[in-house]
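Next come two complexes built around chain A: one with chain B, the other with chain C.
Entry: the complex of A and B
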C-alpha cells in the first residue's frame, strides 16, 4: 500500500505541487488583487477619461491627458528634475549606507551590533511626516543645527538650509537610508570571512579586497537597495513640498496637486502612468547591468 | 396600585416618552464643510445639540471641486453644506441645492442687505445660500520686520525682504493677487500677460509657497517670514490665539474678498434641522464665542459683529467703510479660466526653480 501511494504521488508530478501551495498563496494574491490591482486598473481607466465618472458630468474616452504631458514643456523639465533628485538621493544613500552596513556585518559583533542596528532602523518606526517636520525644525535659520554649530564653533556661521534643494536631499536620504543599510548588510553578511582572510594572506591590500572582493560580492544588495530607493523618490512629494519651499516643485508634487487641489484625477492618473512607464524603461535599460550584478 | 409598582409604571412611561421624543427630535443632521471651520467646534456642536435635539454629524472636503462631487454623488446625504458664494451658482445650475425658506431663519433679518441679496446667492427671488461669514485675502506682515506697517502691496517686491516673502500655493489666489498688483479687476482680468510678468518678477523674492495656516505661523515664529499673502481670519487667529507678531494689512491697491454661505442640498432629509443649524451659525452668541475663543472671519450678521469686543479686529478694521471700498468680491470663475490660471501658476513655479 505505501508503495502505490508513493508511485501515485510521483505520477501526478508537477500538478500536485500546486495543491499544497494554493492555500498558502491564495490569501496574499487575493489581497494583492483587491488592494493593488483593482485600484491601479481603475486609475489606468481614469487616465483615459475626460471627466471623473464620479463627478456626475458626462464623460468620454480621450488621450488628451497623456497629450498634456507633451504639450507643456514644464512636465518634462519636472520629470528630469525628479529623476536627478532620485539619482542623487540613491548615490548619497549608497555612500553613507554601504560603510555602515560593512561595519555592522563585518566589524561589530554581539550587543554593540544590535545597538547600532537599532539606531539604523529607528527612523522606520517614526511617522514619515513627523520625520520631515523635525528636519524642518533642525534646518531652518536660527534652528537646531544653526544654534548648535554656533555654540560649538569659535566663529559665526549662518546655516539656513530650510527651503532649499539640499534640505530635500537631506530629508529624503534620512528617510530611505535604512533600505540601503539593510540590503547591503544582508549581502555583506553572506560573504565568508575566510575569503577576505585568504585574500589578505595572499598579499591583497585592504583597498584591493574591497574593490575585487567585497563590492562585487555585495553588488546584489547595493542594486536592490538602489532600486528600492530610486523608484519611490522619483515620485516623492511630501519631502519636496515641506522642505523645498520655492525649490520644492517636482513631478510628484504636480501629480499631488491634480489629485488634491484641482481635483483633476484623469490628468493626475495619466501623469502617474507616464512616470511609471519612464521608471520601467529606466529599469529595463539597466536590467543587463542589474542582472550581471545579481 | 402599590407604591413600587406605581413607580415602575411611571418610570416605564417616562422611558417610553423619552424614547419617543428621542426618535422624533434626535434626527441626524449631516453637515459638509472644511475641517476646523466653525461648524465643527466641539462646544458649538454640543450647545446646538442640547438646544435643538438634533444630532450633528460632520463630513469634510479638501477643495470646492470635491465638495461639488460629494453633493453630486451622494444626493440626500447632507442637510447643510458650506459653499463659497463663487460656487453657489454652479451648484444651483446643476440642481444640487434647494431654495432656503428664510422665514425659518430669524437671524437672517440682521444680515447686511448687500450680502443677503447678493446675486451670487439668490436666483428668481429665492435664496439658495444664507450668507455666513466673509473675509479678505490680502497680505500680513511680521511686525518685528517693520518699524512702520506698509500700506502698499508693492512691499512684496521690496528687495529688502527678498527671501522672506511667501505666497499661497494656489493658482486662483496668485493670479487674483497679481491682478490687484497690476490694477485690474480680479473678476475680469483683461491683461493676463501683465499679471504673469508681475508675478514672475515676484517669484525670486519668494521663500516658500504655503499651504496651511500652521505653516505660515511657524515661519513667522522662526523669523523666516517678513511679508506674505494671508487671510484675514487666519491673521486674527495668529494674533489672538497664538500671540504672534502678525499684522494684517489692507493695501491701498485693493483686496480680494470672499463670502461663504450655507446652503441646503436637494433631497436633504432634515430640512427643519438644517434651518435651525444655519440660524445658530449666524447667531451673535455663537459668533462672538467663535471669534474670541478661536478667531474667525467676519460674520455676515451685523448684530453679531457689533456684539464683538470693541477692540476686535473684525469689528474695527473690517468694519471701516474706507476698507469696504477697496474690497473686490470674488465672482464665479469658469473652468476654462481656472485651467488657464493653473497652467500659468505651474509654469511660474517651474521657471523659478
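Entry: the complex of A and C
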C-alpha cells in the first residue's frame, strides 16, 4: 500500500512537523520581521550615511558616525554612567523585588496574595509618562515627600530629590521592579515546600535555608529579571530626562537628542548600534554564569 | 537515640479537629507504624513530632526533653519525605553532607561520615550524581542516608515507599528494616498500607478521625481487634452483627456465635469479627466438628482461585461472608453449593 506508506513517512518526517506549525508561527514571525527587522535594518543603513536621505541633501556612505564615538571620550563616559545606572537599578530591583516575591510565593495564600500581586503589577497598567510625572510631583522640594516627612518627623527636613541622580534611580526602579518580582515569583513558586522542610529537619536555620537552597534554586529567576531590567535601563531616556534634569544626561538621552532635537539620525543610529553591541558583549561575557544559573 | 512520648496531643486546623487527645509511647529503638486512612491525622502527628506544627494542647517528649515548643531545626530528628525532597542543586554526596555541614563539622569528618552513610544504603558509587539522575529506589536510599547521617534521636518516615512500584517497595521494606536494625534508631513510620505496617513494625497505632483507636504489636491487633474499624482496616474480616449474649452474640435467627472475649461487657459489644482464613468450609454437617465450634449454614456465590489459596464468597441471610482456604490439594467446593462453615470460639472476637 504505497499511499499509507507516504502518509506514514509524512507523519514522521521532519518536514511534516513544520506544516501544522507554520500557520501558528507565521503571524508572529511576520510581525517580528515587519516591526523589528525592517526598522532595524533601516537604522543600520542610516548609521553609515553622512546625511539622512529624507532631508533631500546629497549623502554618501561613511564610517564617521562610528568614529565619532571613539574620537570624543564624552560618549564613552556617558555610556559608562548609563551602565552604572543600569547596574544600580538592577541591584535595587533585586534587593526590593526578591523579598517581595518570596513573601508572595511562600508566605501569603489566597486573597491576600491576589491583593499584593495586584499592587505589584499596578505600575504596568499606568502610563509610563504619567508615572514619571507623578514622581516629579512627589520628589520636588515642597512636594509630596517633603511635606509628608515634615508632617511626621518632629524636626525640619529639606527633601528635594528632584533633578538628581537618586530621583532617576527611584523612577527607574519603580518602573522595572515588577519584572524582578514576577520572574523571581515564578522560580520561587516552583520550589517544593518539602525541600525547605527537609533542610530545616537537618538543622538548617532560616538564613541557611535561604543561602544554600532558596537563592541557588531561584537564581534563574533573578538572572532573567536582571537581564530584563538591565538591557532597557542602559538605553533609558525618559526617566533621566524628566526626573534628572541637568543631572540626567545619559547615553540614552544623547541618542534621543540626535533623533528629536539635533536631527542627526545617522549619529543617533550609530550610537544605538554601539550600545546594542556593548550590551551583547556584556551578556555574552556573562553567559557562562547565566547558563550555569539557569 | 531516644524514645518519644506523646501525651494528650490535640490540634485543630480551622474547624477541623485533626488530632484529638492522642497519647502514644514510642519505645527507644522500636519500629512503630502509624496506620490510618487519609485524613486520620497520622501525618499531622508525625509533623508535630518533627516540629513542623505545634500542638494546641498536650506534651511531646523526645528522650527526656519536652519539645512541643522547640522548632524543627533544634529537635535533632531525621525525616524522610514522601517525595524524598532531595536538594536538586546539590550532588548526592552534598545532599547527605548537608546536615553535617550545617552543624559546622570539619570537612574530613563530613567526607568520612557521608561515605559511611552511602555505604550503609549501598550507594557508595553514586556520590557525584545529581538527584535527577537517580531511580526512585536510589532517591529513597539517598533520602534515608541524609536523614540518618546526622545521628538523629528519632527517624520519621512519611509514607516513604508509596511512590515506588510494588516489587521495589517489597525490596525497600526489607532494606529499610535492615538499616533500622543496624542503626538501632527509634523509627516512626506513617503509612496507609496495612501490609507494610504488619510486615515492618514492632508496634502499630491505628488512627481514625484524629483519634488513636488501637495500639499494640501487629499480632495482637490482628488477632484481637478492638473495633470493627480496626478489624477491617488491618486485614480482612467478616463482621457478624446481633444481640449481645452470655457466650458472644445472638444473630437474628437465634444462632449463637461464641466469642473468645465474651462476658466482659455484653451490653456494649454486639458485633463480632472473624478472619476469613480462620473459617473452615465443609460440604455437609461434619462429624469432626467439636461441639464448642461455631457453625453457620451458607451458600457459595463466587470463588476466586489464586494459586496458593482460594477465596470463597458466601451468602448467609443476605450477608456476604468471605472465606480463605489454603490450597492443600483437597476438593474444592462448587458454586451454588450449600455448605457449613465452622470456626472455633477463639477465632471470633467481639468488637466495638
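Assume the second predicted complex is superposed on the first by the 283 of 294 C-alpha atoms of A that agree within 3 Å, B and C clash if a C-alpha of one lies under 4 Å from a C-alpha of the other, contacts with A are read in each partner's own complex, and residues count from 1 in each chain.
Keep this in mind: a contact is a pair of C-beta atoms (placed from the backbone, for glycine too) under 8 Å apart; a residue touches a chain by one contact, two chains touch by 3 or more.
Note that the structure is predicted; figures quoted are calculated from it, not measured.
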{"item": "Touched partner set for A:39, first chain B, second chain C, both or neither", "value": "neither"}
{"item": "First (chain B), second (chain C), both or neither touched by A:197", "value": "second"}
{"item": "Which superposed partner A:143 touches (first chain B, second chain C, both, neither)", "value": "first"}
{"item": "Touching partner for A:208 - first (chain B), second (chain C), both, neither", "value": "second"}
{"item": "Touched partner set for A:246, first chain B, second chain C, both or neither", "value": "first"}
{"item": "Chain B versus chain C as contact partner of A:128, first or second or both or neither", "value": "neither"}
{"item": "Partner chain in contact with A:166 - chain B first, chain C second, else both or neither", "value": "neither"}
{"item": "First, second, both or neither for A:284, with chain B first and chain C second", "value": "neither"}
{"item": "Which of chain B and chain C A:217 touches, first, second, both or neither", "value": "second"}
{"item": "Doubly contacted chain A residues - partners chain C and chain B", "value": "none"}
{"item": "Chain A residues touching chain C - in the complex, by the definition given at the top", "value": "192, 194-195, 197-205, 208, 212-213, 216-217"}
{"item": "Partner chain A, residues of chain C touching it in the complex", "value": "50-52, 71-74, 76-79, 81-83, 85-89, 98-99, 102-103, 146-147, 150"}
{"item": "For the chain A and chain B complex, residues of the former touching the latter", "value": "52, 54-56, 72, 74, 77-78, 81, 136, 140-143, 162-163, 241, 245-249, 254, 257, 260-263"}
{"item": "Chain B to chain A touching residues, read off their complex", "value": "62-63, 65-66, 68-69, 72-73, 94, 169-171, 203, 206-209, 211, 218, 222-224, 338, 342-343, 346-347, 349-353"}
